[in-house]
Amino acid sequence: MKTINVGLVGITGYAGMELTRLLAGHPCMRLTMACSRAESGKRLGDYYPFLNRMPGADVIISVFEPQEAARKCEIVFLAVPAGTAMDMADALLRAGVKVVDFSADFRLHDPDTYLQWYKRDHTCPELLHKAVYGLPELYADAIAKAQLVANPGCYPTSVILGLYAAIKHDLILTEDIVVDSKSGATGAGRKASVPTLFCEVSDNFRAYGLPTHRHTPEIEQEISRLAGHEVCLSFNTHLLPTNRGILSTIYTKLKNPNTTFEEVHAAYMTTWEGSRWVRVLPKGLLPETRFVRGSMFCDIGLVVDSRTGRLIILSTIDNLCRGASGQALANANLISGLPVETGLEALAPLA
Amino acid sequence: MKTINVGLVGITGYAGMELTRLLAGHPCMRLTMACSRAESGKRLGDYYPFLNRMPGADVIISVFEPQEAARKCEIVFLAVPAGTAMDMADALLRAGVKVVDFSADFRLHDPDTYLQWYKRDHTCPELLHKAVYGLPELYADAIAKAQLVANPGCYPTSVILGLYAAIKHDLILTEDIVVDSKSGATGAGRKASVPTLFCEVSDNFRAYGLPTHRHTPEIEQEISRLAGHEVCLSFNTHLLPTNRGILSTIYTKLKNPNTTFEEVHAAYMTTWEGSRWVRVLPKGLLPETRFVRGSMFCDIGLVVDSRTGRLIILSTIDNLCRGASGQALANANLISGLPVETGLEALAPLA
Amino acid sequence: MKTINVGLVGITGYAGMELTRLLAGHPCMRLTMACSRAESGKRLGDYYPFLNRMPGADVIISVFEPQEAARKCEIVFLAVPAGTAMDMADALLRAGVKVVDFSADFRLHDPDTYLQWYKRDHTCPELLHKAVYGLPELYADAIAKAQLVANPGCYPTSVILGLYAAIKHDLILTEDIVVDSKSGATGAGRKASVPTLFCEVSDNFRAYGLPTHRHTPEIEQEISRLAGHEVCLSFNTHLLPTNRGILSTIYTKLKNPNTTFEEVHAAYMTTWEGSRWVRVLPKGLLPETRFVRGSMFCDIGLVVDSRTGRLIILSTIDNLCRGASGQALANANLISGLPVETGLEALAPLA
Amino acid sequence: MKTINVGLVGITGYAGMELTRLLAGHPCMRLTMACSRAESGKRLGDYYPFLNRMPGADVIISVFEPQEAARKCEIVFLAVPAGTAMDMADALLRAGVKVVDFSADFRLHDPDTYLQWYKRDHTCPELLHKAVYGLPELYADAIAKAQLVANPGCYPTSVILGLYAAIKHDLILTEDIVVDSKSGATGAGRKASVPTLFCEVSDNFRAYGLPTHRHTPEIEQEISRLAGHEVCLSFNTHLLPTNRGILSTIYTKLKNPNTTFEEVHAAYMTTWEGSRWVRVLPKGLLPETRFVRGSMFCDIGLVVDSRTGRLIILSTIDNLCRGASGQALANANLISGLPVETGLEALAPLA
C-alpha cells in the first residue's frame, strides 16, 4: 500500500489529539507535519506522552507555513477555529495541497448565512462552491473528487443521520422538529477556562447557547436539501459530565399519526441496512453513548408514541471520532482512493 | 419548640437515606422509628456511618408494624415502592397516624388511571379523594389540614413548577408540549442491578422508559387542572452520569409568536417573585443542577426563540431533596403547623 | 445572640465559595464585606447564583482596603494565595481587625523553613509567634484568645488528626512514616488551566508534586511537636477525579510488632471518644470520603497488619469544609466566644 | 495469515467484554465459541450491542462443554472466577485445547499458599508446575511453549513491572516495600451489588480489603523469585471513581541513600529501553492512567527523595487490557507463534 503523507494544523485541541491517536494506527497515512504556534519546537511524543513508541511521536511541532506544508504533505487537516481556517485553506489549495477542514468555514454554501451566524465576512467565498460537505453516507462520490472537504460539525452529524430516513420516506412534518442534544465536555474544547474545569462540570448538568447555537444553519441547510424545501427547526444543546459522546433526542410529528413503529423501522432499515456505520436498533432498544465511543458508528433508536402522534429519534455518535477526527480521516481516505474505513476499524473501550 | 416524633419506613433507598440526613438537622422533629425488613436489628448509625454523632444514629432499625408506629410517631414517612405503600398508609391512618407517602399510590385522583399506568388495582381507592398532592407552592393550605399527603414525583415537581406561570398567564399552546428530562442516577434507586453499576453509568448517557414513563399521568393531571382542560403531552426521560439533579427542558409553542422574552419573564416574576424556593433567572442565564444541590430550590431559566415561535423553559431541582425527601419534610412541617422551611435552610456543597 | 460582622477576601476560589455557603447558614455571623479585584462591583448573588434568596446574596463585591474592612468587620477571612496574605493580615491587625488566614503564610513558626519551601522571604516574621495554628482539637484555648489564626492546610489536617493518637500513645516508629494522600480536584483551585479541565481529570488518576509538596513542613512541624523530637516523613499527593474529599493512607511501623488491633483501637478511643468531629471506626470498617462530605468530621480507620508489623491509618476529611472554610469558621467561632460548632451542624448530601 | 479459532468462557464480566472487543479487531483470531450459562441462546451482538457489524457479533452464546470446545477452538480463554476455572482448565487440557486462564487458580506455584489465601483446596495441583505465569516481559519463551497460561492479576502486573528494574539492579531494601495501589471500578467486577452502584462509587474514594488482598502472595512470589530470597511486603488497595486504570505508588528505601535520580533512571532505561510496552518517563514526569487506557503500555515514573532516602516508583496500567484481556491475548499470540503485539496496536481514546 502506498504511503500518504499528511499534516495536521492545530494539535493542542481535543480534535487534534484524537487525530494523532487515529493516525498512529493508520496503515498507510504518515504524519509528517504537526503545527502549533504555542508548542512549536517540541517533539510530539513529549507533548502527548501517550504517543510514545507509536508512529508520529518523533515529529517536531512546527509553525504553519503553506509552502513547507506543500513540500511535506499531500493532505492537510485543519483543526483550527472558524475564521482562522479559511485563509489557511486558501493558501494550501494554491500550493497544491488538499484540505480537510474541521471548522465551519466551508460548511455553509451561502456567505450571507455565514456572516449572520458567525458574525464575520467570509474571506474566500469563491471556495464555498468548491468545498464538499464531508458526510460520507451522503456525499462519498463528491468527496472522493474534492480538493477541499468541509468536515461536518459534531451535532449536525448526529442530527442529519438521525433524520435522514424519516425525511427520505416522508414520514414527518418538517415544520415541527425539536432537537434536544447533549454533548460530552470535549466538545467545549481544550482552552483553559473556569466553566470547563473539572469541578464546574462534574456532577453538574446544564444547557448552553440557547437558542442560537451555530450548528443550527448547518443542520437546516442539509435537512432543507433533503426535504426539498426550507426547513426551520429548534436546535438546543446541553453539556454532559462525560468526556465524549453526543446523544440527540429528536422530537417530530408523524404526518400520519397512525404510522406504526414497524413502518418507521422498515423505512430506516431500507435506508441503512447496508451501511457500515449507521446501526438502527430493534424495537425497545435505545442507544447509549458508550457503545459508539471512539468509533465511527452512529446508533439510532426509534420510538413511536401513538398517544401524541410523535416519532422520537435518538441518535448517538462519538463527538470526537465520528463528529470530528474520525470523519476527517474517512474523508481523507476517500480523497486518497482508499476504502473509507481504513484505519477506523478498532473498537475502543466501552467501560 | 415542641418535639414531633416521626417514623420512616424504607431506610435503605436513596430517599430514605436523604430523609435521615435532613431529620438529623431538623430543630424539632425526632426520628423515633426507622423500618427495614432486611436491616432490622441494626443500629441506624452502623448502617449509615455518616449519621454517627448526629440525632437518629442510635435508633434501632425495626420491622414495620402499624400499632407500634402509632405508639412511637405522630407522622410516618413511607419511602417504599408503589403498590406497597397503599396498604401501609391505610393501616397507619386507621391507627391515627398521619402519613406522608413518597410513592405514586395516592398521587393520581382516578383509580382507573392508576390501573392503566401502574398495572395493578388500587386497594384503597376511597383514600384517593382524601390524599392531598404535596406540592407546597400549589396546595399549602390543604396540606396543612391533611391526614395523608401524596408526595409528588421528582420529575413532575420540576415540570409542574416550570410550566405553572406559562399556563397561568395563558402564554402557550397546551396541545404542543414536549418535555425532555434528565435525571441523576439516585433517581434509579438503590437496588443492586447491573445497569446502574458505576461502570455502566459513568461516562455514558442514554434515554430510558420512552414513551411510557409513569410520571406522565401525574404531570398531565396537574397541568390539565391548571389549564382547565385535558392536556396530553410528550414526556421523556434520560439518565445522567451524576448522583443528583433533574433538569427538564420544556419545549412549548407561544400562543402569540411575537411574545417577547420580557413579557414572558414578567409573567414568571409576577408568579414567583415572593416565592421562597422558586427562583426565576434573569435574561441570558440558564439553570445548573449543581446550584440547587441538596436544597428545595427550583431554578427556572427562560428562552424565547423568535425564529421558531417557541418558549423553552428550563427547570432544575435536586431530585432527592426537592424531588422527594425535602419536599416530604416540608409537607410534614405544614402538617405540624411549623414554617414550611423548618430544617430545610442549609445550603449543600455546590462543587 | 449578638451579630458578628465578618469579611471575606478572595471570593472566587473554592474556599471562598465554600465560606459564602457556610456563612449563609450561620445563625449570628453576617457577611458584610466580600472582596475580589476581578469581580468588584458585582452583587455576590449574581456572581454565585446559588446564593440568591440567602443571607449574603446582596453584598456588593469590593476591592480590599484595610480601613474599610475595619469599619465593616470584626473578623476577616483571607482566602488569598500564600505570599499575598501576609501583608493583608498585617494591615488588618494594625487596623484592629482579627484575622483567620487560609494561606500558609502564618502556619510555619520558622521563617527560614518558610523561605526554604515557599521560595520567598517572610515580610512580617514578627507575626509568626503571634499566630495560632488553627486546629481546634489541639489548640482551642489559644485560638480563642488569638488575633491571628493560621488555618491549617487540608492535607495536614487529615494527617495530623490521623497520627495524633498513635504518637500520643507512643505506638509507632516516627522515623518510618509514609503518607499517601489523595485529594479531590477542588484542592487544585479554581484558576483557568488545562490540567484541571474536566476532560483532563475525569476518568484519570495521577500523582503530583512528588516529593516536595509544600504541606510537608507543616505536617512535620506539628508531628515533631507531638513526638517531642524532630520527625522527617515521606508525604505524597495524588489527584482524584472527585470534587471533594481527602483520604490519607498513613503507613507506619509498630514499635512493638505484636501490638494488637484492640490495643491500637483502645488508644484511639481514649483520645477521641469525646470528640465532636473525630470519629474512630470499629474493626473492619474503613472510611469513605463521601461520609464526611461538606462536614467537619474526620473519620479514622485502623488496620494492624501482623504480617508486616505495620499500623495503617486511614484518615478522611472534606478538603474544603474541614480542610479550609469550615475549619476557618470553627476558629472564628472560638475567637468570638461561640460554641465551636455553631453553623457547622448540617449534614451535606452523601450520594 | 492462518486463522486461529478461539473460545471465551465467561462473557458477561468486564474482562470478557474487553476480550470480545479486542478479538473483534484481531487480524487472525476468530471467536467461535462464547459461553455463559445465564445468557445462553442469545446472539452475542444482541447481548453486547457495541459488537454489531464487527467480527464475533453473530456467535450464539452457549453453555460450556469441553468436547464442544475442543471441536470449535484451538485456544480457550477462561474468564470465570477463581475456584471455577481449575476444573474447566483440566477438562480442556485433557481434550487437547490450550488454555489461557484469567483467574488466580494457576498463578501460585504452591498449593498451600493457594489454600491459605483463597480458602479452598486446589483440585488439580499437578497442573501448577505446568502452568506458566503469563507476563510476556518475563516469561515469553515459556509462554510460547505452554499448554496452560496463568494470566497475571491486574495489580501484580503493575507492581512486578514497576519493581523489576530496581530489584534487578539491587537498588532497594526488599524488606521495606509498601505498595499503595488504586484501581478503577471495572476491577470490582460486573455483578449486581449495592457497593459498586454508580451513586456509591461516584465522587467517593475508599480503601478496601486491607491488609489481606489476595494479590499479595502472587506479588510476593514473583518479587521473591527476582530478588532471590523471600520478600514480604505491604500491599494495599483503593477503589477509584473511574472505569479503568491502576496506579500503584510503590514506596521503597534505597540501599544507598545517596543514589541519585540519574542512577536509578539509567538502571530502568537499561532494563526497559527496548521494551515495546514498558515506558520509563523522564525526570519530572509522572504517569497518568488515561495515557495507558485501553492499551498494553505500562508507564513508569521515578522519584528519588533524598530527604527520606526513598525511591518512589509510580507504575500505571489499564487494568482490563494490560491487566487482563489484552495480556491474555498477548499470551495467546505467543502460544500461536504470532508476534506478541498482534491485534493490540490500536491506541484507545485518552480523553
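Observations on the model:
Order of writing sets the labels: A, B, C and D. Residues in every chain begin at 1.
The definition used in the following text is that a contact is a pair of C-beta atoms (placed from the backbone, for glycine too) under 8 Å apart; a residue touches a chain by one contact, two chains touch by 3 or more.
Here the structure is a predicted model, which means the values were calculated and not measured.
Chain centre most remote from that of chain B: D (centre = mean of CA atoms).
Taking A-B and B-D together, the chain pair joined by more C-beta contacts is A-B. Between the Cα centres of chain A and chain B there is a gap of 39 Å.
Spacing of chain A relative to chain D, judged by their CA centroids, is 36 angstrom. Averaged C-alpha coordinates put the centre of chain B at 46 Å from the centre of chain D. Of all residues in chain B, those that touch two or more other chains are 14, 184, 186, 199-200, 202-203, 241-244, 288, 290, 293, 351. Across the interface of their complex, chain B is touched by residues 14, 17-18, 21, 24-25, 49-54, 186, 202-203, 243-244, 276-277, 279, 281, 285, 288, 290-294, 297, 299, 318, 320-321, 345-351 of chain C.
Residue ranges on chain C touching chain D, taken from their complex, read 176, 178, 180, 182, 184, 199-200, 203-208, 210-211, 232-234, 236, 238, 240-245, 247, 249, 251, 286-290, 293, 301, 303, 305, 307-308, 310, 312, 314, 351.
Across the interface of their complex, chain C is touched by residues 14, 184-186, 190-194, 196-203, 241-243 of chain A.
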